[in-house]
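Read the structure below first, then the notes.
Here the chain labels run A, B, C and D in written order, and each chain numbers its own residues starting at 1.
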């Protein structure tokens, strides 16, 4: 089984499955009340230089209240699994990112990310390239507890050349196939529809890559629109996508995805997103935005107060019933 | 990336992912009414010598009405993914199996399978060995559309030696790791709680390996306790574990898992299972059982009539509400 | 030239929607592909199954999704799963069409959406592959939607983000990509192009209404093959425009 | 010897249940492990998390499951997923205890549940690995429950279905199995055994009530190491027996 090609990208987070096993063994398995504030969760579980990831992405079911708290506390030199929109744009504009396992950072229909351009073109942020599924597959490998996963994406392209993947000869067929290294996060951040105090979580609608990322994270912070009684979890165990033992902290975060949407609960705040797209065009205007919506506020409650109950109600009412 | 060990077991179904892709491309993608009887489904979609698999296993959510029809039509020389209890015991006792990718065939609390002993010790059935997860992982590889999957099971054992797996040196860490070949079924048989006429299916409770097997099957037969309107499917799309385009036939099979159980619907018929354990001890007594419950009956409706409405109601009533 | 009854986006959308056959599956990305897919569903392809990257399958595209993961992408869908179920479904060969875009395309349909200039020292850092590389690797037939110009249609892209035919015939298979897959059409404001079956190089098939072959050649930065008979793509019909404006994009988000 | 207040199965169940600590996870198989797990939950380990192979996590074991996939295995559970989520959770190192059985065991804890005689020409075809090999590969500490006898405790098993310490110290790691995992205890009707930290060979730790060390040696088909101080495993307590009979196995399915 020959190695045909080695990606030249840096392995930002080398996979050590045996260390991951030892870490997981030591995690508490009892039913413990894990509810904390955003401030406490970020303070206790995220360190400068950590490798973090956010799910789903910045305008859809995004752990935005946690991302805002990371910016507020100025956790820096972060390495980030880079598939995102608004949330990663905010981190980049705040100068907290050192390196990206990059697949897509942009503003979707609003085009390219100005923060990404500034940070990468200036050399302040380095990028290792992957495809969207490539990043999710790397989480899947970690979630399976194996060091790599075979895929047929990325082959023949510069995306693979500038990644840390390898191309090998499949020992069963002799054909070339890509092997992507497992990606184990120091911290995973996932926003869900509901969770109980122990960290059992449910998601409604598409689940993005929450299943894989939750299982690929050494520390897992779950923010939830709603905290529910464990009896609800036990009454429909097949709805549990994240079992409690994976979870380190549970944060009650109503409208936690704002300005992003939450399927069935509230719509995205389009004017707010557009406002950021405008503000992000220069460091100065971005700084004004970040001060107004993050630094000048103590917590998510003050953020929601600033957005205003009237607007939040509108976003709820926009959801088709 | 060195190959350190090659299993000496026969590759009963060599994985050809490119042929699988071409097959899947040709499957109809439109919404077509796929409802047929057990007889028509087995007649049209299963051939002598096919490689088949059943999910979950023979006393739990098992496609028993379809397995009984296979026996009734005498489809022979079957190659089977061998993780089962009652359902595979019935196939073995009927002499329809030629080879097994084997992990477990037994009667659970009632001990070993007499049919398995007779067929294998006589040399009529050959076995290639795997672990339970090993077989499911092979389905997962096929479901992913890749030729193999890395795992840390089976290493160092005769289970691997007598399988068709390989052990290679992980090119990222240098450690030995097992690669299991994808397992693509000619026909997969899965029993579910409810499906619509197009083959969109839902399962309540544990899902065993239905997700993986459905996606690893060239032809997929879905039997369902209940046929529901597609509007119900569309009203909760996150409950769809098997999307319609995977499905070739939809069979309405109330009590389709009998004598096995169906979670939340009916309990297992313990005395009936015990009766088979007794009957299976000799070819003669097994034949009497098979005549009574399969060959002397035209279809599943006659089978249910033989079991009797009173007994079926009891099995429903035994489910805790 | 007189005022046209449609705008450039409307032309692109109608052209792309006509490319898709009924009863097949299409991997739908943000923007114009969504409108093309929705229009096709309402015109000639009622059984076109829309597949969205982050998990939506078979959604009814009543309202226009603004993002591939948002709730409209699984509105009354037949299934709502996750990104890997979707991409693995494509990897298994279930997805016929895929839509792609990029800042640069070369004669073999290779696309760049990663970087202008050197990767280590970029002139312009672009958003990156996203799902593009996955779509370009696994879908049977990919359709690139571009705005036509010399700086976008180049002999050599700065970075191959998404595989076209790579270096030419046989190159995809040699790289391990699934046989029989690859670029199918390029739809631009000036023309519709395909690929020569033997050389796998881009070939002009249709010009957009009022556009000459010479114009297309002029705006293309590499030697473009020309079909024996280049036809003119019919302009958007009144029915297409009505559905597009009144049903598909009521809020005029894109058009 | 007078009539004992408990039967052999009750002794095995109580002994196995005592081995499990609270606040950990146990991969529960059909039969005696289920009763041991349920008893432990009701005795000293209320926070012992039961994990069933086919998807049940954290079930309340009110009624006794007859099979690892049946509805009692996810009764009021915290999660009901599938076999691969469970085994991959073990592969990620989350599962502390695993229960195993077999027809033969050797001094290194290797187990045979596949075949007696030659694989190509078997004397007795056994049920096979099932989840055994997975449990023995991924769980941190495995507990084998056997009935003690010369024909079961053999110098060399006919077939290594499930890995113990294989050929001895370092062999699991050399084979690629996760470091720090392996056989922990063997619970039989005659004794409780562990493994020597250096040689990884089976060592007698406890005798069952009324059983002598010589008896155990006599019934073991290989040289058994003997701990400096072999204690006697206390007989099942009245409380253990009451809970076992009145709550865990009301229907007397196993006892």
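Brief remarks follow.
As a convention for this text, a residue touches a chain if its C-beta (ideal position, glycine included) is under 8 Å from a C-beta of that chain, and two chains touch if they have at least 3 such contacts.
None of these values were measured; they are calculated from a predicted model.
Steps from subunit A to subunit B, minimised over paths through touching chains, total 1. Farthest chain from subunit D (centres taken as the mean of C-alpha atoms): C.
Chain pair with the larger contact count among B-C and B-D is B-D, by C-beta pairs in contact. Measuring from the averaged C-alpha position of subunit A to that of subunit D gives a distance of 40 Å. In terms of their C-alpha centroids, the spacing between subunit A and subunit C amounts to 28 Å.
Residue positions 17, 144-146, 151-152, 175, 177, 205-207, 237-238 of subunit B each touch two or more of the other chains.
In subunit D, 56, 74, 80-81, 84, 91, 138, 178 are the positions where the chain touches two or more neighbouring chains simultaneously. Of all possible chain pairings, those that touch are A-B, A-C, A-D, B-C, B-D.
Chain contact summary for the complex, subunit B toward subunit D: residues 56-57, 59-61, 82-83, 85, 102-106, 108-109, 112-113, 116-117, 120-121, 123, 127, 129-134, 136-137, 140, 151-159, 162, 167, 175-178, 205-212, 261, 263-264, 267-268, 270, 319-320. Contact residues of subunit C toward subunit A in the complex are 30-31, 52-56, 66-67, 69-71, 73-75, 80-84, 87, 91, 110, 114, 119, 121-134, 137-138, 159-163, 166, 171-172, 174-178, 253-254. By the touch criterion given at the top, residues 1-3, 15, 17, 144-152, 166, 168, 170-173, 175, 177, 179, 181, 203-207, 237-238 of subunit A touch subunit B in their complex. Only residues 22-25, 47, 49, 56-58, 60, 74, 76-81, 88-89, 91-94, 96, 138, 140, 178-180 of subunit C touch subunit B when the two sit together in their complex. Taken in their complex, subunit B has these residues touching subunit C: 17-18, 20-25, 27-31, 143-146, 198, 200, 215, 230, 233-235, 237-238, 240, 243-245.
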